[in-house]
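Each chain carries a letter (A, B, C and D) given by its place in the written order, and its residues are counted from 1.
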Amino acid sequence: MAVFAPLADAIRDNLKDGDTVAFEGFTHLIPFAAVHEAIRQKRRDLHLVRMTPDLIYDQLIGMGCVRKLTFSWGGNPGVGSLHRLRDAVENGWPHPLEIDEHSHAALANAYEAGAAGLPFAMLRGYRGAQLKEVNSNIKEIACPFTGEKLAAVPAIRADCAVIHAQKADRRGNVLIEGILGVQKEAVLGARRAIVTVEEVVPDFGRVSPNACILPSWTVSAVVEVPGGAHPSYAHGYYKRDNAYYKAWEDIARERDVFLKWMEENVLRKGPDAFKRHAGRAA
Amino acid sequence: MAVFAPLADAIRDNLKDGDTVAFEGFTHLIPFAAVHEAIRQKRRDLHLVRMTPDLIYDQLIGMGCVRKLTFSWGGNPGVGSLHRLRDAVENGWPHPLEIDEHSHAALANAYEAGAAGLPFAMLRGYRGAQLKEVNSNIKEIACPFTGEKLAAVPAIRADCAVIHAQKADRRGNVLIEGILGVQKEAVLGARRAIVTVEEVVPDFGRVSPNACILPSWTVSAVVEVPGGAHPSYAHGYYKRDNAYYKAWEDIARERDVFLKWMEENVLRKGPDAFKRHAGRAA
Amino acid sequence: MSHYTPNEIMTIAAARELTSDDVCFVGIGLPSAACNVARLSHAPDITLIYESGTIATKPNVLPLSIGDGELCETALVTVSVPEMFRYWLQGGRINKGFLSAAQLDRFANINTTVIGPYDRPKVKLPGAGGAPEIATSCGEILIVMAQSKRSFVDKLDFVTSLGHGKGGDDRRRQGVTTKGPTKVITDLCIMEPDPETKELTVTALHPGVAPEQVAAATGWSLKFAADLDETEPPSAAELKVLRDLHRRTNEAHQSQEARGAAQ
Amino acid sequence: MSHYTPNEIMTIAAARELTSDDVCFVGIGLPSAACNVARLSHAPDITLIYESGTIATKPNVLPLSIGDGELCETALVTVSVPEMFRYWLQGGRINKGFLSAAQLDRFANINTTVIGPYDRPKVKLPGAGGAPEIATSCGEILIVMAQSKRSFVDKLDFVTSLGHGKGGDDRRRQGVTTKGPTKVITDLCIMEPDPETKELTVTALHPGVAPEQVAAATGWSLKFAADLDETEPPSAAELKVLRDLHRRTNEAHQSQEARGAAQ
């Protein structure tokens, strides 16, 4: 059963140095508040997994929390580069970063296989693609009926998954609506899971019988953090803050500007700083 | 794009003698009206696929439409045997029936793999289970990363899938709610698909963005058949007719009683016979 | 003490094995009755899962089929059947599985496939359903079934689902890491696998049942524990929950049938 | 004739490749603009699919990211990302895929991974995203990208996604049965693979563009078709659709940014 906890406690109890951790959310519902707490708690040596590293992993990498990155598309969507990710890969700053690079299809399947308790995922993928030459985590299997060769990648079974959702009910069940990404799979494939939510409600009311709901007993901790996905967005609550994404280009390009910004906007702040974004603007 | 058609046309145009066909619906939304039309049109030599053959396959088998059956649980739920299925397997009446018998997990995965365009499904299944000794469609593969042995079964890619759903909109998009079974997978894995629906509506109104919807272009034909799942049920429309299921025990036990019942209740009837069950009793 | 039937003590003894912390995969019939008695008495927060995809369902009456509308209407959420078998069962999210069978052997392997040879069946039984993977993917397995020489057999006609295989560590040797059957609850007694050999051993007799009676209803030379317990008889409260559930179920199904007939 | 920019004719020429019958997997940026111009003009019933899981989406403004809220709000349905890649893309349900890239070679293979060696990158590009499997699973591929010697290169630094491989039947030899790139639409011209060799060949020049200009913007010795067409210039109606779309997009993003700044 999920416990309701303050964000600092949830991160301290469920995310350890050296963990493989997936902070997920596909453009939508990216758990910024939880990432900022992990940075404040100075987690180190993390193996980050995420299809689209986005600004959150640029921040974690730049702050020296990360040893290894598993990913499939590492840009600032619609804007350009993730400069901290590039600085780590191209120049080893703040320290070298091991990369495990895939396609979206491979990682989406790897999350799915993790949720399904399988050791690996198979896909008709990577044909003619060079990533399989540089990543030993891409292998091949043959169909025992047709002989067709398919690509195989290890399932993602994180030590900890962290996601943001719209609602939890009082029992700690979690409701996600809109663009679902791989969050359900990330949580079901992980040993521990933290969910930050926009709000805790008595019950979900009249939702579809087939809604995306994570039962309380699949989640370790639920934390109410209104606005906790900002500058990403929460369907039904607030829109994506495109200006923040565009501004990140200039914030992240230079190391000292980045560090100063993180000091002011993350290290000296707490989860309450997200509240002002929680307005029902959407 | 789906065409709207009368039931007789939809079956004639999309279901051929010798086809591999999956009439699906897991207890809920079983496409009885469509099956009865296939029986009236005297389809022959069918390879039926279905997790739970239920009364519909008892009827098709007893009427001599079937060459082979792929299934995982062949009983009358909560009542007992499927006597026509048993008569075919035990006594070869009306003619011998080839069986391809699986577990639910294997068939559910096989449908999933079919929808995913894969040649086979893998599962941690059949361990210590004797079905793998008698069914050559159960093989083994090894995880290329861990060496773990997993079961493999061929994906289900039917020539034709037939399902019943609650609603279609005017463009032929299909909405399914409640117990979803494997219907989406059956349709997406099939070359052709027929969907009978309780009603055609202008649009689906306010449904969850994550509802189970099949776009029009994944469906060959949509047929409005109110009550078309009776004696199964349609969530939001009418309940399961348990009395019919219980009565089937006596109807199906003897060949002549069965044939007489089918003559009166199926061969001499048409899709309109289902209308009286379509009341909003649920 | 209340009067009760063998079927009632079997169902209630099975229900007692469950707690509010359990996430339980429920088969139709006896398992469904036992699980819902538990939920309606001492285990109100138990999570019941049916293979139709209904998670945390709270039916007010017992379903006739595994996918009755009541299961979906009272569930926290209903997922597709592939998701049920992939994410929930195979994903290791379910700690107890509740099975029944046509035949069971001394190592709690079960047959629901066929009587007679597979290729020339005397009786074709319904088949595996979810059982083979429930038996290996759930944390542990409870089996509830009425006892007779016809059902508790020396040798299964067909091994549909793995119990303890050939005994000892056979389960593990077949690559299965879950516990397997930990109790078999019948209308006469409760059996548990021997910690070493895994052979089923009677550990408790229901009140008024003699060991000879149990032995006579078993197709192999059945072992009895040295310190044989007596099953606690059903309490008035337990019986009331069970009987109310059956009464509601019968009323619901009959009123429905009456409606059906009137149409 | 209307005035228009090279970017505008590129986008509009790309849009013309689409019809109402298409089910199209849309990349962000130029592909997204082209697909929505098609939808808002001659192909109103086109099904646009973004990898965020949004199916049959009809955004009123162009999304900045692949998963903007607008895409979900205007979609027929939104599925999970694993389902998108398994059932829809790999399932063979999508007949056209629209890609762009950092580098492209004469066989329309593309690189979005790295400039320089993979192990010692000069520039780490964002990476593969959905492209490797879009390139092989969609019925055919359209590529839209601005042309320059830096992007149209003799040899890719890295083959992220398969075009026609080493040419000829190389695609089929690699086990891929879909058509692959059938057109490359740039700001200067339209190229198509030679039916035999699969080498990209200019088949149409945009109005006012000289062959020398195209050759000078290409890193290999570019082939031209004997019967070179001239691209139909954008009509006033086409330009209005494109410009209105960009205007609405800018207004929406600016008003949002203003709101963001005010908070």
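Quick note on the criterion: a contact is a pair of C-beta atoms (placed from the backbone, for glycine too) under 8 Å apart; a residue touches a chain by one contact, two chains touch by 3 or more.
In this text the structure is predicted, and so the values were computed from the model without any measurement.
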(message) Using only Cα atoms to place each chain's centre, name the chain farthest from chain C.
(response) D
(message) As a quick test, compute the distance in whole Å between the mean CA positions of chain C and chain D.
(response) 57
(message) Based only on mean CA positions, could you tell me how far chain B sits from chain D in angstrom?
(response) 40
(message) Rounded to a whole Å, what is the gap between the Cα centroids of chain B and chain C?
(response) 27
(request) Would you pick out the residues of chain C that each touch at least 2 other chains? (result) 72-73, 78-79, 86, 90, 137
(request) Indicate the residues of chain A shared as contacts by at least two other chains. (result) 117-118, 123-124, 148, 178, 180, 184-185, 209-212, 235
(request) Could you classify the connectivity of these chains, where an edge means two chains touch, as line, ring, star, complete or other? (result) other
(request) Sort out which chains touch which and give me every pair. (result) A-B, A-C, A-D, B-C, B-D
(message) Give the list of chain B residues in touch with chain A in this complex.
(response) 117-120, 122-124, 137, 139-141, 143-146, 148, 150, 152, 154, 177-178, 180, 207-212, 235
(message) So in the complex, the part of chain A that touches chain C is made up of which residues?
(response) 115-118, 173, 184-185, 188-189, 209-211, 213, 215, 217-218
(message) Under the stated contact criterion, what part of chain D meets chain A in this complex?
(response) 28-29, 51-54, 63-69, 71-73, 78-82, 84-86, 89-90, 109, 113, 118-119, 121-133, 135-137, 158-162, 165, 170-171, 174-176, 253, 256-257, 259-261, 263
(request) Would you mind writing out the residues of chain C in touch with chain A in their complex? (result) 23, 47, 55-56, 72-73, 75-79, 86-87, 90-93, 137
(request) Please give the residue numbers of chain B that touch chain C in the complex, ascending. (result) 26-28, 51, 71-75, 77-79, 81-82, 85-86, 89-90, 101-105, 108-109, 111-112, 123-131, 134, 148-149, 178-182, 184-185, 212, 231, 233, 235, 239-246, 276-277, 279, 281-282
